[in-house]
């Protein structure tokens, strides 16, 4: 179905879900391809944000036909928890990345192949 | 903050050590000094000063012209204290020729040299405030210094390079009315000193930035040949005006003044409105060096007042300078005098003709600066200007 | 302790290495042999009643008469002198050490005279000896970092020598 | 008809997607960080648009202002010379592109397929934001009083309305543990041997 | 305002768009005007402190034309860019920090109704946006590709990020007492005589005001905490490579955030647009009498607010020209060892104080009463209990 007509319709839940999907996919691809440890970390951030967008979209009263079906407050609270936990996760991940950088003198993930058979 | 041994320097992330050039044209180095710092993050592990950018081979020229012609060269060595430099060279040649100067000239010399000491200490205090980031005291100090330069302009026509003191006395007598203008300056200056203490010495942030920074132990100070406020800041009670050679101490013979150095934990307090020594200040740190300079200004005021009284008391000849072609007796003479920055030594070797065979100037800042690599090891990057500023160096004198 | 007592003490202890001395001139001095410099300085610094802890300065004086006419009238041979001005803060006495060196090592033009460095006894000597090396051309053996201090690193010649002519230009900059 | 809502939605959605793709595409890690910051700031705009203004402000402050600053610090500390832009072989690109594309198609078909989510079901006039709309219910929810579900008649659902007090406490303890762990992991380690051979050699700096 | 225009038959989207644009323009002019006057004022104030005149040459006796003259000079100065700089980031950096410090003005109320966008999370929004300004500095530091600017940028980033914590707590305390994040409500809560100001709510609040000022000075990189462009060590920090217009954008961002932070202080602690003596009420300039009179009351309030912001900025300038600079580790220790514990202690103190004396020293609208007007559901007992 034509994408343009989709654009002209009033903004609904699916619009937000598309943005969430795009973020999610970019995050996965980024994690898969990046050789820089911090690049992988950025991929993780994108994935988390993709999920958070979906939660906020579902909990918004304007985007659905009858606003009773929306998640209401739960969506907001879960997004808050996602943001807080992402901060904690980023802190630990960076600490590990710095330790990796100290021991291997480079941030390139491919160098970390000590456990290879 | 105790000094960190470079071998055990902490590293959190493998930042390869940076080699940073501070200078030669850097806002906080006084003149053209180049400091090569090896830093690891914020901690400075090694400092190597590079000098020689202002070397004008004054000593080579000294071997071609007569001593009186060389006096303008001594002015340009420590351009902030021209009078004291002239005094040093003049007295060295007088020592060689065993020349005595009349009392009236002696008192003029004391007055003028102590005024120049105040001017030099004012510049030191002002630029030190600038190094630590507060702009205002710099302007207070230079406003007072302008008044001193006006007084000098009346005496010898120049504001920075005076060539006023020569062998055999001074080139001219004080103009009429100069003494009460000088008295008015001293009175005004005495009100400004508490202001400077308030803005700098007892300022909480200033104390935090200087107390315990760049600690110089008395033994290291003596071993490195430091002198002046740098030496006295480390608690060594040594001032050539009192402990120097007879010829120098004769100049300050019947003058009553204190030598400013922390003795048994306290400074000589002849006035009660000095700010107390803060608890964090360790003997020999940048704060003490700054404090010694500030109190020396007060002693200089006392000296000038006594010199003015004595000058009015005795009326004799002012002493006429030696002739340009005066033959110097054969032999050597080395004499050190108490310049504002430290002991400024001059040596003259003559072979009997009017032109000296060899002229040598021993600079106080040359030795004071050689201490930097010792006391700056392990400090933070922001401490470098604090330490170098407290040594109060002038590159003209170091490079000659 | 005045100068004569100091010189007598040194003569007893080092005998032949103390050469000439003169106590009634303005700055009493004593001349010592070049090879005994380090040992004598260590004694002067560490001996309890000498205690020379303050080295004022190290200066080099070059004695040579470039133009032949005046050269005949000089009563000394061309040589290089090092002057060490020492003083003690404790005992408040002072002495000048004089070391006479040949202008060039074993007569070959360009080879600097050798003398042992006292930088380990008085750290202030570190910079002073570098200046004498830079300007007067005396090599100090055992100096931790003997480089030129006032002239540029790659400067040729030692300016304070009497027979030194200024080079025409330095890196394209006219000097004369 | 293009109304305000779609215009603002596009204003925020397009940069989000563009910068997200830019993060994947660029090799230079610093540029990647900048694009990520821009993308997540645009996501914060989306949250404001969807009526979750407290969450939007939270995202801006905690996520963009805190986490990504940490990330940029990490980038600045480790970007030394060659590791700034690590090239990726084109084979990886191809495979990643294929996998990503497939996943995207699956997701989009789900998103567009389900009738309830598409726009035909959206009520014509969106309910206006009622006056006195404060974040108090959100705060109360965190403390366990589900203020917005009071009218819930269904008893089974009602019991589920205990609010988020327990996870709130767990998260605070969790953050403390993470804080200490990260600080310990990246602490300054004291090195016994001379840090670099250069310190032993005399320091003659090249001009 | 917007619906006022709609009555004239303008299409809805044009009306709202026009109003939004107008508000942005007004705020932009206020910010430009504030930056211009403050640069001139800084030189006058520093002159007075240093016993000299300050600019007098350009324009009349007081040299008031100085800042436009500076502006023109900066505009025609050449915009240098170092060769190996990261071109895009180098150009982008000043605009990031300018936008961040401009967006803060959107949620800052100048008077009762006079606010660009009345958010009910205004205080929190301002905190969030103030956090973004550090990105402009980091990008500038990295993009200038020189050792010195990287040092400056890293120092500033570390300082601003660590000072956001006590800054946040100090903003939280008056918000906790007021019960709402909406700045307009907080402002309205402090009307009446000067004693109603939040700062006199309790001794703890009084101390919080001064901690707030320290953190505000630190987070806008001014006076004793201006490590980033510590000229004595790092030449000019991250600003070394900038010149001409880009430098003036950074400069405006700094003055903008200074004004914004002192404006926030005025609202949270010093009674926003209410003067110590409620002249507007005494003279009857309230909406109840007549719309025009009400408008003048608001105008008076706006002048009041601007005067307090002006006082805050003068205080920062006064600090700058008297105190020397702190070292980077001293800045960090003041933040971690002094500001945060003190702010936390004040938080507990104010909380206990409101519990002990609900109305504060003098009986006035208690926060709980203020909430009472909110919809009925807030006064509720825990769920599960069966409601009558």
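Should a chain be cited, it is by its letter among A, B, C, D and E, assigned in written order, with residues numbered from 1 in that chain.
Just so we're on the same page, contacts are C-beta pairs under 8 Å (C-beta built on N, C-alpha and C of every residue); 3 or more make two chains touch, one makes a residue touch a chain.
Everything numeric in this text was worked out from a predicted model, so none of it was measured.
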item	value
Chain D to chain E, fewest steps along touching chains	1
Farthest-lying chain, centroid of Cα atoms versus that of chain D	C
Central chain (distance from its CA mean to the mean of all protein CA atoms)	E
By count of C-beta pairs in contact, the leading pair of chains	A-D
Most distant chain from chain E, judged by the mean position of its C-alpha atoms	C
Inter-chain centre distance, chain B versus chain D - centres from mean C-alpha coordinates, in Å	61
For chain B paired with chain E, centre-to-centre distance based on mean C-alpha positions, whole Å	47
Between chain B and chain A, distance of the C-alpha-averaged centres to the nearest whole Å	65
Approximate Å spacing (C-alpha centroids) for the pair chain B, chain C	27
Overlap residues in chain A, where contacts from two or more other chains coincide	98, 101-102
Per-residue overlap in chain B, given as positions that touch at least 2 other chains	12-13
Residue numbers of chain D (touch at least two other chains)	3, 54, 58, 66, 73, 77-78, 146, 149, 186, 189
Residue ranges of chain B touching chain E (in the complex, touch as defined)	18, 20, 22, 26-28, 42, 129-136, 139-140, 143, 199-200, 203, 205-206, 208-209, 380-385
Chain B contact footprint on chain C (complex, rising order)	25-27, 29, 53-57, 59, 61-62, 83, 85, 89, 92, 96, 122-124, 126-128, 131, 135, 148-152, 159-160
Chain C-touching residues of chain B, taken from the complex the two chains share	51-52, 55, 57, 59-60, 95-96, 220, 222-225, 236, 238, 243, 331-334, 336, 343, 345, 347, 349, 357-358, 360, 362, 366-367, 370, 374, 399-400
Residues of chain E that touch chain B when the two form their complex	46, 49-52, 147, 151, 224, 226-227, 230-233, 235, 321-330
Complex contact set, residues of chain D against chain A	1-3, 5-6, 9, 13, 16-17, 20-21, 23-24, 29, 32-33, 36, 39-40, 43, 46-47, 50-52, 54-55, 58-59, 62-63, 66-68, 70-71, 73-75, 77-79, 82-83, 86, 88, 92-93, 96-97, 99-100, 103-104, 107-108, 111-112, 114, 116-123, 126-127, 137-138, 141-142, 146, 148-149, 164, 167, 171, 174-175, 178-179, 181-183, 185-186, 189
